[in-house]
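Okay, so chain A shows up in both of these, paired with chain B first and chain C after.
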Partner chain A sequence: MFQKRMVVLWIAVWAVLCLAPAAQAAMPAGFDDNEIRIGQWGPQTGPAAPWGSVARGSKLLFDIVNEEGGIHGRKIKYFIRDDMYNPAQTVAVVKELVERQGVFAFVGGVGSATGMAVRDYLAAKKIAWIGPAAADKDFAFPLNPYLFASYPLYKDEGSILAKYIVEKLKMKKIGILYQNDAYGKDGLEGVKERLATYKMDLVAEIPVEPTEKDMASQVLRLKTAGAETVILYVMPTAAVITMKTAANVGFKPHWVASNTLSDYPLMFKITGGLWEGVITGALAETPDSKSPLMIKYREAAKRLAPEERWGVFYYAGIVFADPIVEALKKVGRNLSTEALLKALNSTKDHQTLGPKVNWTEKQHQGTDSVMIHKCGPNASYIMLQDWTTNDMATWKK
Partner chain B sequence: MDMKRDYYEDVQLFKSNVVLFWSAALLLVLFTIPLYTPNYYIYLFNIIMVHIILAVGLNILVGSTGQISLGHAGFFAIGAYGTVLMMTTFQLPFVLAILIAAFIAAFFGFILGLPALRLEGPYLAIVSLGFGLTIMHIIGGMDVFGGRMGVKVPPLDLGIKQLGISWILTTDFQKYYLILITTIIMVVGARNILKTRVGRSFVAIRDSDIAAEVIGVNLTIYKTLAFAVSAFYAGIAGGLFGFVLGFFDPFTFNMILSIIFLVMVVVGGLGTIAGGIMGAALITYLQYDLLKNIAEVPYFGALMVAVSKQWFTVVGLENFSSMAIGLIMIGIIIFEPLGMFGVWIRMKKYWMTWPF
Partner chain C sequence: MVEGLAIGACYGLFATAVVIIYKTSEVVNFAQGEMAMFSSFVAFHILSAYQYPFWLAFVITMLFSILLGILIEFLFLRPAKHPSILGMIVITLGAEMFLMGLASWKWGAEQKFFSLPLNPSVTYEPVKGMIITNWAIAVFAVTACIMLFLYIFFKFTRLGVAMRATQQNKHAAKIMGIRTERIFSFAWGFSSLIGAVAGMFFASRATLDPAFMMEPFLRAFAAAVLGGLMSIPGVIIGGALMGLIENFFGYFWPHWKPIIAFIVIILVLCLRPSGLFTKHYVKKV
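What follows is the complex of A and B.
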């Protein structure tokens, strides 16, 4: 009995071993005659889920492109993969998309650590990655021929915000509350560099750990330092706790914040209205802007994705993804990765809802511009300053 | 049919030629998998095996000794960070680095074992949970560990730099063999531990710690030892995991990960080696592959998309992943308390007594 079973098994094992190599597939191509496959990872669940709308915003753009007939006869097939903001899962989903589904390029992708986990892999596989949805210096510096960054660096934003505070708001005593990591420190660096040109110094620079839940001591230090303006380079939760604590102790400075906090309806709701009057950097036009492109996308969203909220991060997904559509149109029917890279490298003053993007063969940090918005009553957006470049950006020289 | 006549029969690695044959066949398949599998699956196998090492170790603690730990992501992190730090800062060869890192993890396991002498059930769960979270934040707060921006893993060099020998593993295939061999050693090691005096002491503690003490089991030693052994396994797994990923940050090792580890052990089957292996393989496959691509599964995928559109929010389908794992766990506890191992036992019995 056992003998017989063993023989059968032995044959089965060898059959598998002999036949299987034939089944091994090479890495699938990223496109064929009918479709171009594009992927994006993003946290749809887990701690960073509110930023997951970036990936879904890109979907809207590709849906519109497909509705208009695709690009040179090819439709875009778009894959969203949830990585839960966890680098291990990002690697898994990216490998799966590249090696099983066959993806031609990636767009967007929320998170620094998640992006860093796959940066070298994508370059090794010669797959283009356009518009990471995070400002990390390691994305564009040193130059990576396959990676095209279009998110303004926090250092540039900090510099622009500081200039606005000093020149337009005429504030003398500026404090900053920054998260103790690359995000916060880059912002801090930009602010300090700008203030140095006015021979000014911060009255308080206070670090916050990303997970800190009690801001009382930080707020008191800002208050004792007599800060008239406080710049926030922190996560949404920390910002909310800070503002509520400040309100409790009667500390009412001008609040200025980074573009990561520019989702006003969300911030307004979780701060219970305290967010009104806050000035932030901005990645894209205001949601109620009257520009023709904005109207087009807004109307399309109502039709194609009625369940989505027309929020800043949702249409930022369009901003990050649009350059690849433009480049693919430029390339024409004869598609290849080299042709795509060439088209992307000749991107000049390309603008949709975000800043103007320029990429050359030597420079893949596409922009240094932000807008400045202010939160009005009922979480409305007020534009204070149109696209502003950072004249002090060191990386441009 | 499973009767043992003496002690040596019980500790035999292969109980019969049939088992020997099956094991050899399994090994053959495992060693030849890279020949006929796309690269993506190799990555998945690597993660699965890393999780197997961890789950087998966790099962020694949870299943065999009856202690609970919600902090194993902490030991996992110590292994990962320790290995990388030993290799970059102290320039140690990989094998030494991962062993030292695992022993550091084991030391922390021993420390966590001390409160376990007094605490039980939910209280121990809270202590271990706190431990896992603390480790994550301590690592995140120290620049030597790369802070919150994470660390880039050095090349996986099996040679010894000081002697000029270099053997760098770069592809997932090469890493697969390293991890496979480590996994086999660790699994066989776990089986040996459980078949010795130490293992029997663990089981005695699980069944009744007072009775165990009465028959001469030193609770202090064996309870802390169980934690240390389990943490050692997690440390080895963590060290390998870092190289599978290539880059990681402190939040990679979050609380959810600890819970997922526990789910693996419970779903697989508490207190058995095979249970840990099956649980780790199933949960990792579900989490990393099947549930990620649920929308592309024929028929069922379309159904799920429709259900999600109708009833859930915009990220309903993604949330299905967590729901599915939760449902599987609840289902296992209600219908099959022995986990997948219980199913396996019943299948085996049916097969052996067939056709009766």
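What follows is the complex of A and C.
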């Protein structure tokens, strides 16, 4: 009997000894005296891999920060994990980063569905997530104290583009081809809301499934509706098929597209040059901009990441990650998640290569502004309109 | 309508590749799309890296695609010991993932521009409102040639008859002196070649990336089921029907376009399980 009790006692003691450090190791602090651990997920392989450059663009910013001595004596240790644009994979890599690597905060993260898969988990773990690389209303509404969005909503962009089409291009017959999901529908909503103020309606509004490989009937419908301008809220492949099909049937409207299609060198190449003349929304300055910050980052990229193409999605990674660097500088040496949140909540008119970002304790959608660019000859960028806010953004009121 | 027929013919052409393998070994080859994708990437590579003229690149790609088909059969399916049909299908799924991973590694996931030597600005309008593109003409011509070849091949050549015999009874065919393993290699090589032709048509219409054949494969498979997995003319007609139905709905009710073809297929399977153009037969066990 005594022996049995001793065995039970030993097991209990060992369990306490083994589990105590394990419990500590389960949630590392996220930083120490020398480093702050920051993570990002993104598709480095798989069908969405072209957008994987966002995560690598953020790396450039952190490399520059580290090269300049870090933030208050701490270097940034940055982790990129490939989720292949698969929400199940995103959950796995985020859990690994949080529970094994002890990440302090996340930046960027391409994709709405992937982000939504980990949004509540990160909030439950009280880990800040700054600048999701997708415009999903559900990121900032209802307010999530740990999530700070800086991507202009597609609804705001749609509204700004529609205003430009009517007031600057003087077009009256507008059609839209939109992806049949939150991305396309938000863009459609913004366009319709704006057109209603001019007492106008779309001549054709046509949904497209993301996997669609044949656009003949949709293009014909736009053509017979007499659309002078067609707005595209679709994926790059669908845009290419649409442009090629339209060229085949001699349909030549003004094409206007979402910022997701603003990588002109890529779009120009895969459409065989048909992308020239297309107008798009833009969430950052043009790649050849002469602004001092753009020059600084462009030159740094040549030195630190010579293998990378200086494309919009690459330096968008800087746009999404920069606010955390500013906030960490503001916090000082006494770092904590609460201090970081406080600094982020006092972000006012912060601007690097993207739009001005404002966050308060009550508002975590940081911007409603986009630029408008046009694809010129040989995939060059022409700036048509500087940062424009959406005067109809209902979420601001 | 013509575009709908042309895209349908393209589905039909690709479905023919699926049917050739199915006819000889009763296996649905889920790697068919990725085999076509890989061959299209080889054509792209020859054109962009070596700057060869298109027709030379085309011939090399065709030879490569035959080799690829034979290799997949030899390396993936042949080593399986007494596999069930389900086991074979799982093996083809493995081959699909392998090819997709290999293409992503070699050429990256970014979309590529691929074009055929057809001037897109040249179109014909025999009747007002009926526009025929060069692409559509090429699809019709190639599909017709391949169909004619297949008809002659299966009807009048020793190899074609041997293939049909292997499909009907593998063991009897073996007893009669047919080297069934060679027949399988030939079927895979030939199917891969037809798939590569269809793949290049699809790539020139959209973009080239490692995942670009997933959707066309599903549609082609649906066309094959619609026409009947055993009938080559059936799958071509099935494909054309699908293209027409899809584009008709795409024009009038765009919301229905992606699902209408599958609704039709479910209906066909309920009414004629063997497809529209094959005889229903019961296998005795």
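One rule holds for everything that comes next: the second predicted complex is superposed on the first by the 372 of 397 C-alpha atoms of A that agree within 3 Å, B and C clash if a C-alpha of one lies under 4 Å from a C-alpha of the other, contacts with A are read in each partner's own complex, and residues count from 1 in each chain.
What we mean here is this: a residue touches a chain if its C-beta (ideal position, glycine included) is under 8 Å from a C-beta of that chain, and two chains touch if they have at least 3 such contacts.
Computed from a predicted model, the values in this text were never measured in an experiment.
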item	value
Partner chain in contact with A:A247 - chain B first, chain C second, else both or neither	second
First, second, both or neither for A:S112, with chain B first and chain C second	first
Chain B versus chain C as contact partner of A:A49, first or second or both or neither	both
First, second, both or neither for A:N86, with chain B first and chain C second	first
Touched partner set for A:T211, first chain B, second chain C, both or neither	both
Which superposed partner A:H350 touches (first chain B, second chain C, both, neither)	neither
Touched partner set for A:K374, first chain B, second chain C, both or neither	neither
First (chain B), second (chain C), both or neither touched by A:K192	neither
Chain A residues touched by each partner, larger count belonging to chain B or chain C	B
Which of chain B and chain C A:E307 touches, first, second, both or neither	first
Chain B and chain C footprints on chain A, overlapping residues	45-47, 49, 180, 209, 211
Contact footprint of chain A on chain B as seen in their complex	18, 21-22, 25, 28-29, 32, 35-40, 43-44, 47, 137, 140-141, 147-150, 152, 241, 245-249, 251-252, 254, 256, 287-289, 292-293, 313-315, 318-319, 321-322
Contact footprint of chain C on chain A as seen in their complex	43, 45-50, 180, 206-209, 211-214, 216-218, 220-221, 236-237, 240-241, 244-245, 247-250, 266, 269-272
Footprint of chain A on chain C - complex, ascending	3-4, 7, 104, 108-113, 115, 120-121, 123, 131, 133, 135, 202, 205-207, 209-212, 214-216, 219, 243, 246-251, 254-255, 257-258
Interfacial residue positions of chain A with respect to chain B in the complex	2, 6, 9-10, 13, 16-17, 20-21, 23-25, 27, 44-47, 49, 52, 56, 81-82, 85-89, 91-93, 95-96, 98-100, 112-113, 116-117, 120-121, 180-182, 209-211, 307-308
